[in-house]
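Chain naming follows the written order as A, B, C and D, and within any one chain the residues start at number 1.
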Amino acid sequence: MEYILKVSCDDEKGLILRISEIVVKNGLNYLSTNEFVDHENHRFYMRAVLDGELEVKGFVNTLLAFLPRSAQVFCEESRRKNIVVMATKENHCLGDILIRENSGDLNANVLAVVANHEDLREFASKFDVPFICVPSDGVGREEHEKMVLNELKKFNFDYLILAKYMRILSSDFVLNYEEKIINIHHSFLPAFIGANPYKQAYERGVKIIGATAHFVTECLDEGPIITQDVVLVNHEMDWQDMRRAGRNIEKIVLTRALDLVFDERVFVYKNKTVIF
Amino acid sequence: MEYILKVSCDDEKGLILRISEIVVKNGLNYLSTNEFVDHENHRFYMRAVLDGELEVKGFVNTLLAFLPRSAQVFCEESRRKNIVVMATKENHCLGDILIRENSGDLNANVLAVVANHEDLREFASKFDVPFICVPSDGVGREEHEKMVLNELKKFNFDYLILAKYMRILSSDFVLNYEEKIINIHHSFLPAFIGANPYKQAYERGVKIIGATAHFVTECLDEGPIITQDVVLVNHEMDWQDMRRAGRNIEKIVLTRALDLVFDERVFVYKNKTVIF
Amino acid sequence: MEYILKVSCDDEKGLILRISEIVVKNGLNYLSTNEFVDHENHRFYMRAVLDGELEVKGFVNTLLAFLPRSAQVFCEESRRKNIVVMATKENHCLGDILIRENSGDLNANVLAVVANHEDLREFASKFDVPFICVPSDGVGREEHEKMVLNELKKFNFDYLILAKYMRILSSDFVLNYEEKIINIHHSFLPAFIGANPYKQAYERGVKIIGATAHFVTECLDEGPIITQDVVLVNHEMDWQDMRRAGRNIEKIVLTRALDLVFDERVFVYKNKTVIF
Amino acid sequence: MEYILKVSCDDEKGLILRISEIVVKNGLNYLSTNEFVDHENHRFYMRAVLDGELEVKGFVNTLLAFLPRSAQVFCEESRRKNIVVMATKENHCLGDILIRENSGDLNANVLAVVANHEDLREFASKFDVPFICVPSDGVGREEHEKMVLNELKKFNFDYLILAKYMRILSSDFVLNYEEKIINIHHSFLPAFIGANPYKQAYERGVKIIGATAHFVTECLDEGPIITQDVVLVNHEMDWQDMRRAGRNIEKIVLTRALDLVFDERVFVYKNKTVIF
């Protein structure tokens, strides 16, 4: 069996030795391991892939007993994640997720698509994934989010993926799923925060546009960044051309972020990510 | 002989035909040509490399007579530009310029280096280029700029290159050299405007940093962008590491921008650039 | 009405003037235009987007009458292209094409998918596109290609897209569709020509892998390149990881190439492309 | 004091624990650490930065005693490396090295420049670095290399950097400095092996060119790759333009490779590199 172990805690001398002793005593073998110490925040991070047979709960408790009180320990058998995807009208990010699920390239199962418009119903149905529309037109944000939450509660998902979901989520909503909501933002953050970044980029006359995948926190567009990429643009392109070029990079960036998160390679701490 | 012709004017029917007639009547041959119409602003741009023998002034006047009154016409025999480089303490952008001048890769002569600190005097002297220090410590900005202007007036330069010149220039200073000052900004504009972008980038936890070469206008960091590029960073890097990684991209981006400008490939219009 | 005009011919003095005169006499206006002279081969290339009302055939004949005998002239009203996609088992490139067609981002209609295995039938059926399987197992190449050609003849397509079609096409087959077949090759050509480039890349220990979209000619993997891109890899990745990373870049590169070709921005000459 | 520890050996259970025990017993603290297991070759790699006071020789011997017989252990106090740079006529890579040494960005001292032409003597003298010319014209390769070796023996260097040294080195020469010679190759290996890659790239009509930094082994252009990067090219560029564009990427790629090697982040094994 293959297990993924993630440990983060305040840095101390001898952490690697202590963890290694427990790993070896449990008859486990390291298939791979990474460590990083954030010297600014005196924080230790470790991710290991372990081979063996494990009673996970006991193993985690032993680790917690021997590690600093600040320790966070995650250990789980390697497995496909379960996700719900939220979208609005555009199909390129959702489509990329569904195609990669279909081919087995995505390390996750899509439990449902939740949208605030009907536009993608037919598209989702092609892939036999439940499509739930909670219309947002003419509904207050609070009420709309309540209804969305009601739908989400029906699914036991690991992550909620905002695949071009074009609504801002309230703090209250976000707090339900801390470090569980991943968004693709259609700009190279922190450039062009807010609405229509492609129009902003066109007006500023930039020569490169980008996309950013990040965890969603209470602060809009300011959550921990997972990954980013860019694409060249030029004076011949109007903002619709930039948006079209941007779509290609949006789906690629979201895809890379999902691979990193689903493989448990990402740690979040103080609005930043450590990625192994 | 090889001439570069640049025309921009409000768009009208038949511009290419009219220009071609004048070109052919003057016994010139097109070696290459590019046109672009900015349909948003109804503006026509053309750059051509022409082969033949030309009385430039008369040629330009003929063109102006047959083109709309909004026309700007530039025509010049292909030649190396003359530049003055301004710097402060860092040598990587200045060094790249001097090495490329030395090898003949830079299409320009460096007439002088003007700095506000003494640090680069020895470095500049290696390349036998005049080094003029106008110390900025303990001097008001207005007074300092006056002294810098006095020094600059001694040189007949085409462009003033800010190769990590770490002082903000006033509107008054900039107005002396419209579309003639090129700056390398150490971030992917418009992200991280202002002081210490690498520290800002580190604190935001971005996964890519960049550099931007732009013309300097009255609005700090907001002039027309010439070119940009990026480099990957990660959680292992503190802001000094990012700065070091950034230096490589800064010099490359500045170098590319200078090549484009010195080859007369760049048009500026309404805070944007058209680049052929 | 919007027309696309493409001209290529041996270079001569006055070509732009001659073409402009004909364009203007036909009451057309240039919306955009690009010219390039390949000085090595003394060949002139021009692409223009024209606005007006046109009797295309007469216009082309007039141009041919006034241009060198070597001239090739293409003129057509702007329109969506018709394509047939060939594939084998992988769905990522086919999927990207179908999703972009579905959203309107692709400037083409997919008339059919022709495959040599049944694997993608269900996938293609999601998008209601005819799926034709011509099984290749146990059939000689010549016979198989004959059957494929029979199927292809039922469709009136502009381009044949090899979206991970894992069979080598014979010269005889290719000659039926000169400059009409576009392939995505899963390496940064000319590196790793031939079978399983990802395994070759892994074994060589490269740090970057790529993909290449090219026109298919009689010489395998040696046709005119349309566009290429790369992605970073590292020692942690085995060749299956590289293949997975490569798929993302394959689909992006194919997509970009199709956009360029369908917008009539590509000229082919002597195994190279000129792209405006 | 800061030490860098590098261990590689055949993989076994419990290696991390054993090493950690020795590290802790010696009163050392991990500042950072990375491990990797190459499962194909059953090989374990570890790099650690250690803080403390160390008798290096004894520490290494203890490690060797407790590790498999296949173990290679390197431990050294962090220090600037000493290098000799070999060049021919082009100054861009040499210049980049000298400027970065001058500014303190390069973690190395340049002891000397050894060239086979006089062209760079004046350039090297600007930076007060000894310049030794061993002319290659009219001399057999064996004899020339003998003379070069005689000169090299006068310097106690860690690495020999081929900064556009345009001569092929014989196996005999290379064997003197195993894993100590770093070359910048002006193509995206394994594409365009051999002479004038830019001309080859131009003739093939590629849309991207690149550069590769690699260790030099007996097999020309086939040594372990350290890092690579690419830059876009287009049909407007002849091969001299590509060479000029390539120079920018050559110096950047060499610079990155040197940073990785000088920080002891690179392991070589079976013609590949593991890079932390």
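Note that a contact is a pair of C-beta atoms (placed from the backbone, for glycine too) under 8 Å apart; a residue touches a chain by one contact, two chains touch by 3 or more.
Since the model is a prediction, treat every value here as computed from it, not as a measurement.
Asks: Write the angle of the rotation needed to overlay chain B on chain C, where the fit uses Cα atoms and the result is rounded to the nearest 5°.
Replies: The best-fit rotation has an angle of 180 degrees.
Asks: Is the C-beta contact count larger for A-C or for A-B?
Replies: Here the pair linked by more C-beta pairs in contact is A-B.
Asks: Counting only C-alpha atoms to place each centre, which chain is farthest from chain A?
Replies: B
Asks: Would you mind pulling out the distance in Å between where the CA atoms of chain A average out and where those of chain C do?
Replies: Centre-to-centre distance between chain A and chain C: 35 Å.
Asks: List the centre-to-centre spacing of chain A and chain B in whole Å, with centres computed as mean CA coordinates.
Replies: Centre-to-centre distance between chain A and chain B: 40 Å.
Asks: Could you check chain A for residues that touch two or more other chains and list them?
Replies: Only 32, 36, 39, 236 qualify.
Asks: Are the chains arranged, by touching, as a line, ring, star, complete graph, or other?
Replies: Contact map by chain: complete.
Asks: Considering the complex alone, what residue numbers of chain A touch chain D?
Replies: My answer: residues 13-17, 20-21, 23-24, 29-37, 39, 232.
Asks: Of all residues in chain A, which touch chain C in the complex?
Replies: Within the complex, chain A contacts chain C at residues 32, 90-92, 95-96, 99-100, 102-103, 105, 123, 126-127, 236, 244, 247-248, 252, 255-256.
Asks: Name, in rising order, each residue of chain D that touches chain C in their complex.
Replies: Touch list, chain D to chain C: 36, 38-40, 188-192, 204-208, 210, 224-230, 234-236, 238, 271-275.
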